[in-house]
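Note that subunit A is present in both complexes that follow, paired respectively with subunit B and with subunit C.
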Partner chain A sequence: MDLVATILVDGLIYAGWLFIVSVGLTLVFGVLNILNIAHGSLYAIGAYASATLVGIYFANGGDAIPWGSYAALILAAVLVALVVGPILERGLLRFFYGRDEVLNVLVTYAVFLILEDVMKLIWGVNPYFVYEPYTLLGDVEIGPLFYVGYDFAVIAAAIIVGLGVWLTLNRTRMGKVVLAVIHDSEMSQTMGVNVPRIYLGAFMAGTFLAALGGALTAPMISVTPGLGVNVIIVAFAVVIIGGLGSVPGAAIGALMVGISRAASVHLLPEAELFIIYFVMAVVLMFRPEGLFAKTQARKI
Partner chain B sequence: MTTKTKIGGAFAALTLAAGLATPAAAQDDTFKIGVITFLSGQAAESFGVPALNGGKVLIDMLNQGGQLPAPYTQKGFGGMTIEVVEVDEAGGATKQVQEFRNLVQREEVDAVVGYVSSGNCLAIAPVADELKAFTILYDCGTPRVFETGSFDYVFRTAAHATMDNVSLARYLKARDFPVESFAGLNQDYAWGQDSWADFKGSMAQIYPDAEEKTALFPKFGAGQYGTEISALLRERASLVHSSNWGGDLQGFLLQATARGLHERSQLVLAAGDHVIPQLQDKMPDGIFLGARGVNGLAAKARGGELAELTDTLWNAYEAEYEAFPVQAPFRMWQALLGLKTAVEKAMAENGGKKPNDEELAAAMEGLAWDAPSGRIEMALAGGHQAIQPNAIGTTKWNEAEGRMELVDVEYFAARCVNPPEGTTSQEWLAAGFPGAQCD
Partner chain C sequence: MTRSLTLSAAAAFVLLALGALVLPDWAMFLFAMALAKGLVCLGIVGMMRGGLVSFGQGLYYCLGAYTATLVANTFGVSDIFLLTVLSTGVCLAVGLAFGPLLASYRGIFFAMLSLALSMVLYGSLSKMSFIGGTDGLNIAAPTFLGWAPEGRALQTALYLYVAVMVVIAGTLMRIYFDSEQGLIALAARDNELRVEYLGASVRNVNTYSYVFGAVLGGIGGTIAVLALGHVDPEFAFWTTSGEFVFVAILAGYLSVPSVFVAAIILEMVRSFSNLYFPNTWQLALGIFLLIVIVVLPDGLGSLVRRRKGDAT
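Up next, the complex of A and B:
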């Protein structure tokens, strides 16, 4: 396999993972207008929850049907969305709707710090391993290189997530209601839309996607404290490139970051980190709102 | 009650209160140590907590007395009961300087033993000298502590990191491993960068014809190494060097072995033993692996004169924590046994009193003692920096017993893999290891 093909495959694998992590962040911003720093913690909670559930699964005879561990991964993300999402949205964030965006960033940053300690209280500081799902799908040989089948499953999951979010927003009644709330929440409320419920639903969906990103990552890493810190930084780069609030933007941003990073690792490893933020800076030079965000008139 | 009696009673009460408030450190029947290591954060599971656990096991045995073989039969330190104040190393250098001052000035500890992070070691050393507080750096690896500074009250009881990579290169040569080219994947901070520089410098001397291929430095905590592994697979280097530790090493090994990197290139890990208890049989066979000293499995396999001391501590640790001791407890043991030796030496010279910081520092300078990791000699930096023997081995899973073993272990004398006094690590590597005593 030549170098270009290797870069494309590596870039796609990384972009698939990155998109799942980023799309929830952009969805929450699009609907709630909150830049959720705690998204990284929700990712980490998803990783811990999936590690726990898969561990329980295999401790209770899961070896007989190892494929069931994939259901445990998804179930973990659902549980995190059902439990943590409402607690954060109903218990805290709703009190800050309509307030200054900087204040919301500080509030979610505080949540991020609190959740980091909460995770240590619940799961301790020792690592968790759930490598079984990682090896179940076998290897894929592409040219002279072997890839793990699981990596391509993550790409498939990213495509399913992307299509699911896009179709829900653009092809369903509920999606149109959400778009109406994004466009003008006050007008939507006067038209009888239950806006708080839409906010709650959007935040739970964002939480699910963050947790799903963590759950799908858990089998290929050791789940340890501090997991969410690195993720939130690169996820921000992706949504800023694509445009805050844009689902197609998150997909394009993830692809740009994934492929440029892969090219850098293969060709100029010293610039691996630099290249991500260089791409972001170039995009912002020409499109300060990001690639897909609509330019808005400033409200005075 | 007369006024005089009342005043006398009040005075007695105040005296009693003052007596009760007097720190234990001031008592001559206890020796108070501040132990600082990572109890939270990424380094806790790999280094901090195992080191603290190892310290607890050793101190319990010392306080009971007679549990260890000679010369460590005397109770505590020179008969004094050892008391420990634990401090979490997490939080950065500024916080650690404050914690250090608290330990010395408020807790009034008799000695400080601590620091995994090289950044914390560099920050603490000048403060220790300013406060004239006897301090042992037990773990951190950067050679810069004493190569760029000089401290009267600071001692490091473990060899610095240059030894790890010189030993790896010597191991390859000792096993006649053919190296046409080598690549690396190390964490992108001082530890990873310095380790790669040391390994590269060692290879340049021992395998001068080997081609240096890609050197990758993913950020600390990267987690995903898919692209890096593709790059390493494409390179087809004879070997891939990594000094990664903790979750980064575990993640790299899980992903790399799933893609067969260990079958295409020889994996060479500078400090990899500490992930064996977590990975178990997920750690592939045939990896060349060091433990930053004759520590962990390499110490167990060594036998010899130190076998009784090693086995006693090994068994106590295993019984208490249901895991075998990896490198971190060994470094804590060598620090505490060195401190015990220094305290008892100082007491022999001052008439049996508890030694002060100056007496301790004088006793520690140039000291040598036996530890489970071998003979520790404070041979560098005017007697403030230790050298110690090292070992590298090859992983092999014992299916019958369900545990990892190290086979083909090569042991290197301290003066073979550590630079001599008066030269920096980089000068020593560049000059081709002058003064190395390997026979």
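Up next, the complex of A and C:
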């Protein structure tokens, strides 16, 4: 019983984190039709930016109100979205819309390579530590087990993000316009939708979510170069499992991957590193386009 | 085999062999590595002709390298021919197992599934401490049918070996590309459904291309590990595979020799940017890749074809 509970709790924590880092990827793919490898770099930039901001916050008397460091985390993600998002979308990606999907993967791979070094130029190669926000929420006791409260805050953040994205897409005017663009951007344009602006907005939202993932993770780890390399592949797996472009799919994918990884850590530690890809391969075996993929007519 | 193909193959070999005489040691190593990786990339180019891009060719590169290393270390085999045959055989078997499965996937799903397979190998190897875990394994220098060269002679022999492999593989792939199946692949790239309606099986063609890619990956991996003397799970990591795709995109799917030219260009760009901008070589590489995608969307091969005025 304890083992099952442990696996579930660990799995949920990991799934929460996974969902935050992958929902932006699926959103960007849904709207722009670009599978963004640089998503991992945006995650890493978010982590660095938040480490810097939280550092500044505490250096300037933030100790009096330590809770303010959470605001600094979120502010960091917003800043990354406002600065890096438009540079990438307006400056580069918009020239590749409508090109071959795989070619676009290569374009973002180039961006990924560039950003890896740009991060080293800006933040150097030494690790950053910002542990304060991690310890603020204390410990949580579940049965015989202790968990760090911050981990549950990540689950809460994932739920808020998920609901936020879903409600925005399905319950607001703007979200419905975005859905229309996802469905048929050409038709939307003829109906008077400013499609380039939707693209920019979606990409900035995706950037914000990636950076938020990084910002929330920064207090849990030491922020070092190469942070984004592994994240992107895991996020890919989640998004592919759920079906590219589907927000509920990303949630299901994150849960499946999160729980199976937690199970493997506890039951079969040798498999920990590849269980994610194994799950993905199995899902694709039965649903070649992921669980929630929209069906598309074949063009003759 | 047409006469012009025989002539080009002979010319390519003479040109490569001349390199053995004029290249300094460091460049010979660099070229040998580049050509070995070029073989892997040739496999990707084969798939690209059918519109598929494998983002996990590191799977076979790594599998070939590990097979050669394990065989060499366990059974004391050091003959390069035998090692190549054995590891290619293993890659062929694995390719035959996965090929038919992967052949029904397209576009991003094919890319991601092949990537998943290579990451499974990466994850397993990293955890297997009895074969070195993340540290990997060393392999002794190869022998050539009983001849055990050292120093410059070893370098030269390896270089010539990979040159021969490149010429053979390049020629065979050219024949495949121009064969009925190869042309079906090219047609499927434009419109798969039409090809199916005309009665050809795109699945079969994709399977062939995948299996050829597996074999080429195995050969490339074997030669690379013998040149380096060391293998680790990074061979199967996605960034390694990403580089192979990079070369394939740089080369384009139109010409076989351009694959090896592209592989050499990449190795040179990497070595020199490593030397001159040690902290920003990835930046240089990324910018280079973007320039290639913008300026030469069909790759280096399109330069040759454009001049000939031939649209295929």
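As a convention for this text, the second predicted complex is superposed on the first by the 298 of 300 C-alpha atoms of A that agree within 3 Å, B and C clash if a C-alpha of one lies under 4 Å from a C-alpha of the other, contacts with A are read in each partner's own complex, and residues count from 1 in each chain.
The rule we apply is simple: a residue touches a chain if its C-beta (ideal position, glycine included) is under 8 Å from a C-beta of that chain, and two chains touch if they have at least 3 such contacts.
These numbers come from a predicted model, not from an experiment.
Undergrad: Does the superposition put A:Arg197 against subunit B (first), subunit C (second), both, or neither?
TA: In the superposition, A:Arg197 touches no partner, neither subunit B nor subunit C.
Undergrad: Contact-wise, after the overlay, does A:Val229 reach subunit B, subunit C, both or neither (first, second, both, neither)?
TA: After superposition on chain A, A:Val229 lies in contact with both partners, subunit B and subunit C.
Undergrad: When the two structures are overlaid on chain A, which partner does A:Lys176 contact: first (subunit B), second (subunit C), both, or neither?
TA: A:Lys176: touches no partner chain.
Undergrad: Check whether A:Leu244 is in contact with subunit B, with subunit C, with both or with neither, and answer first, second, both or neither.
TA: In the superposed model, A:Leu244 contacts subunit C only, not subunit B.
Undergrad: For A:Leu273, decide between first (touching subunit B), second (touching subunit C), both and neither.
TA: A:Leu273 contacts both subunit B and subunit C.
Undergrad: Of the two partner chains, subunit B (first) and subunit C (second), which one does A:Ala262 touch, if any: first, second, both, or neither?
TA: first
Undergrad: When the two structures are overlaid on chain A, which partner does A:Lys120 contact: first (subunit B), second (subunit C), both, or neither?
TA: both
Undergrad: Which positions of subunit A sit in both the subunit B and the subunit C interface?
TA: In subunit A, positions 120, 229, 269-270, 272-273 sit in both the subunit B and subunit C interfaces.
Undergrad: Within the complex, which stretch of subunit A touches subunit B?
TA: 3, 6, 9-11, 13-14, 17, 120, 125-127, 129, 131, 134-135, 139, 144-148, 151, 217, 220-222, 224-227, 229-230, 261-262, 265-266, 269-270, 272-273
Undergrad: Which positions of subunit A touch subunit C when the two form their complex?
TA: Contacts found on subunit A: 35, 92, 95, 101-103, 105-107, 109-114, 116-118, 120-121, 229, 233, 236-237, 240, 244, 269-274, 277-278, 280-281, 284-285, 288-289, 298-300.
Undergrad: For a test of understanding, state which residues of subunit B touch subunit A in their complex under the given definition.
TA: By the definition above, subunit B touches subunit A via 39-42, 44-45, 49, 188, 214-219, 221-224, 226-228, 230-231, 233-234, 246-247, 250-251, 254-255, 258-260, 278-279, 282.
Undergrad: Could you list, by residue number, the parts of subunit C that touch subunit A in their complex?
TA: Residue positions touching the partner: 53, 55, 101, 104-105, 107-109, 111-113, 115-117, 119-124, 126-127, 191, 193-194, 238-239, 242, 245-246, 249, 279-283, 285-287, 289-290, 293-294, 297.
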